[in-house]
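Letters A, B and C mark the chains as written, and numbering starts fresh at 1 in each.
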Amino acid sequence: MKQSLIRYLPLLLLALAWEVTARLELVSSTALPSLSDVVRSWFDMIKDGELISNGAASLYRAAAGLALSIVVGTLLGIGMAWWKPVNVIVAPIVEIFYPLPKSALIPVTVIWLGFGDGSKILLIFLGCMLPVTLGAFNGARSSEQVLVWSARSMGASRLRMLWDVVLPSAMPELLNGIRTALALSFILLVSSELIVAQKGFGYLIGFLGANGTYDAMYAVVFSVAFLGFAADRIYLLITKRALAWRE
Amino acid sequence: MARITTDAVPNGLPEKAARLAVSVSWMGARVASVVALLAAWEFVARSGVVTPFQLPALSKVLERIWSDALSGDLALNTAVTLYRAMVGFIIAAVGGVVLGLAMSRSALTRWFFDPIVSIGFPMPKIAFLPVVMLWLGVFDISKITMIVFDAIFPVVAATVIAIQGVERELIWSARNMGAGERELLWQVVLPAALPTIMTGLQVALPLSLIVAVVTEMLMGGYGLGGAMMTASRFANSVGVFAGIVEIAVVGYALVKIMALTRRHLLIWHQEASEPTTA
Amino acid sequence: MPSQCAAELDRRRPLGTHVAMTASAQIVVDRVNHLYRPPRGREVLALDQVSLEVANREFVALLGPSGCGKSTLLYLIGGFLPVETGSILVDGQKVAGPGPDRGIVFQHFALFPWKTVRGNILYGLERQGMTKDEREKRAMDFIELVGLHGFEDSYPSQLSGGMKQRTAIARTLAFDPKILLMDEPFGALDAQTRGLMQIELLRIWQRTPKTVIFVTHDVQEAVFLADRVAVMSARPGRIKTIVDTKFDKNDPDIFKNKFFVEKVDEIWNLVKEEAIKAQGKRT
């Protein structure tokens, strides 16, 4: 407990510095509303439901896109590692799309599916599929040759081997790929919502900014940033269980 | 790309020829796959299954790119985006390495920045763009600041890990041979840390490009992202697709240049092959 | 005088006074303790009142089970770890840090991977006050000495284990340290290469004799190479006994030589007890 306090103390100091700087008006008070104001408007927005409803809309999109990308990406990645023809066909596509900034797909998804949920979900699905596929692929490939041979010598069929040996071996890399996808989903969510949306975190930030209510804007910015961080930490906690057998 | 785990092939000449034939045929298959993908695009676009608005023909898109190139727009937009991305990247690279170095050497610096780095890493830092815009306006400076803010994290993290990972025995050997503190840093620690630092830079570069494009999409104006946003606003789907292809090509070129630089600088490194699906 | 009695007398002597046992002792380790402080967990006493004297140009092996602190002792003599209790004197001077008078060779070679074989060796010569030509020539001489002619422009990643170790040895020998500290230098090599390297090392040492302190856990290696073998106890490390192993090592059938076999046997029995104790303490 004390360790955590010492570890995160710099953040406390920064928060303090923020409040002091704002109060003393060292920076223009429009550009930097005081921390207490930001916190107050955060509570206001919770109370009147604005933050929750927009937040729910955003999280729904991210979750849907992410879930789809995990399912498809895992199947694709393992398929690529296990069956040569799949690899030959799909791999070059992966190699082409890897360096493409997925955010560049924002306008296209809007063209296809408009301003609403659909375009965001599609964007996140497409963007997050890549790290998941890569993780599944690398994980499946790395399943130790020795383990595979042992299983085969014990008479396991190819399919059985996939389930018993390859999948568990692939888990660490796959879970790591999903972790990357999780962070990416937040980035794509916020990017697309800032640019074009009718509800959600990004939309709310833009709206509040245009309106001039900067303390509320800061509140939402920090909310979504913190959510991204929290999601990552929670994910790590959950997956630590799954990886317990690996030191 | 996928290394076929065949049984060991003996090293005679006919075997060598056979292996070359196999690798060429795989490469041929790869090229064929890409060509097939492009052909499929053209085919589907023309088939009428989707409207030309939803999927403009590849040929139309290429025409548009060509006319952009001729008019100079392509060069202008690419240069503007690259300028922002590269300036941001270089600041993030130098700043990140310096900060990482400082964190490795000074417990106080490490204590102060560690929570910032570890909490900031998984945050969608793009959410702070409106705040940056509030402070710095809508010009290049805010775009570049955002890029630095985003790209510096992987560089710092990689540098800290790299320096911590330098084998104790390398440093001891250098000390044994009479090296002083300064020589130790430049002649031993940094070269030993270089491979991992490079990996961090290889993450930071595409990231710089992404952030540049996104900031342009939000703020409009010149640049590949801005141009694509303009096309989108005018419901010009050919323009949007052209933008995607252009950005993809730029992204691909940057990644390749980075990989070649790595191979050249780290010719001595045993993991000479970079992760190929990356 | 049996070494156990001497040790007892030694322990009763007040710290700070020292009477050299041998007139020409080059290295004097006097009742050194070393406390190992891990980043997490309790401190561990790695060395307990260790005393040792090494004469000029003597080849001494430090032998003991894993974790007995033999490498730690080597690092203390080399100046890589600070001496907190007791003292270590080299040629009458207290050890204050690493330096080119005590060259070290590590088990995992510690070659600079971004430099070629030649580059690695040259690095040690840069501070020796030689001209560029002198340095180049000396580097080539040592490359020849360890049999790596033709590989001077190769990078360590292109070399086999044995070749890497030969480079490491050449690198250290090149700057002509008075004392050679070797930390299980052949431990990372396969058995056959190890055997060849042992013969190489003996040949080089016989040609250009230096003081050598050689850490190993291989009894045969110790008896083959060393003039004296210091057997260490399990943690906390103490010098248990010192056995004299100086005899003619040039017999091609030495491993079957009756005297050799007896010595190995004698030392192995001493080590065996400690090895068993060390196993038990593995936490």
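Criterion: a contact is a pair of C-beta atoms (placed from the backbone, for glycine too) under 8 Å apart; a residue touches a chain by one contact, two chains touch by 3 or more.
All values reported here derive from a predicted model rather than from experimental measurement.
The chain occupying the central position, as judged from C-alpha centroids, is B. When every chain is reduced to the mean of its CA atoms, the largest separation from subunit C belongs to A. Taking each chain's centre as the mean of its C-alpha atoms, subunit A lies 19 Å from subunit B. Once the centre of each chain is set as its mean CA position, subunit B and subunit C turn out to be 47 Å apart. Note: centroid distance subunit A to subunit C, computed from Cα atoms, is 53 Å.
By the touch criterion stated above, subunit C contacts subunit B in their complex at residues 75, 78, 80, 97-100, 102-104, 106, 108, 110, 112-115, 123-124, 126-127, 155-157, 172, 175.
The part of subunit A that touches subunit B in the complex is made up of residues 6-11, 14, 30-31, 80-81, 84, 87-89, 91-108, 110-112, 134, 137-138, 141, 145, 182-183, 186-187, 189-191, 194-195, 201-202, 205-206, 209, 214, 217-218, 221, 224-226, 228-229, 231-233.
Those residues of subunit B lying in contact with subunit A across their complex are 1-2, 4-5, 26, 29-31, 33-34, 37, 53-54, 111-116, 119-131, 133-135, 206, 209-210, 213-214, 217-218, 225, 228-229, 231-232, 235, 237, 240-241, 243-244, 247-248, 251-252, 254-255, 275, 277-278.
For subunit B in complex with subunit C, the residues that touch the partner chain are 167, 169-170, 172-179, 187-188, 191-192, 194, 267-270, 272.
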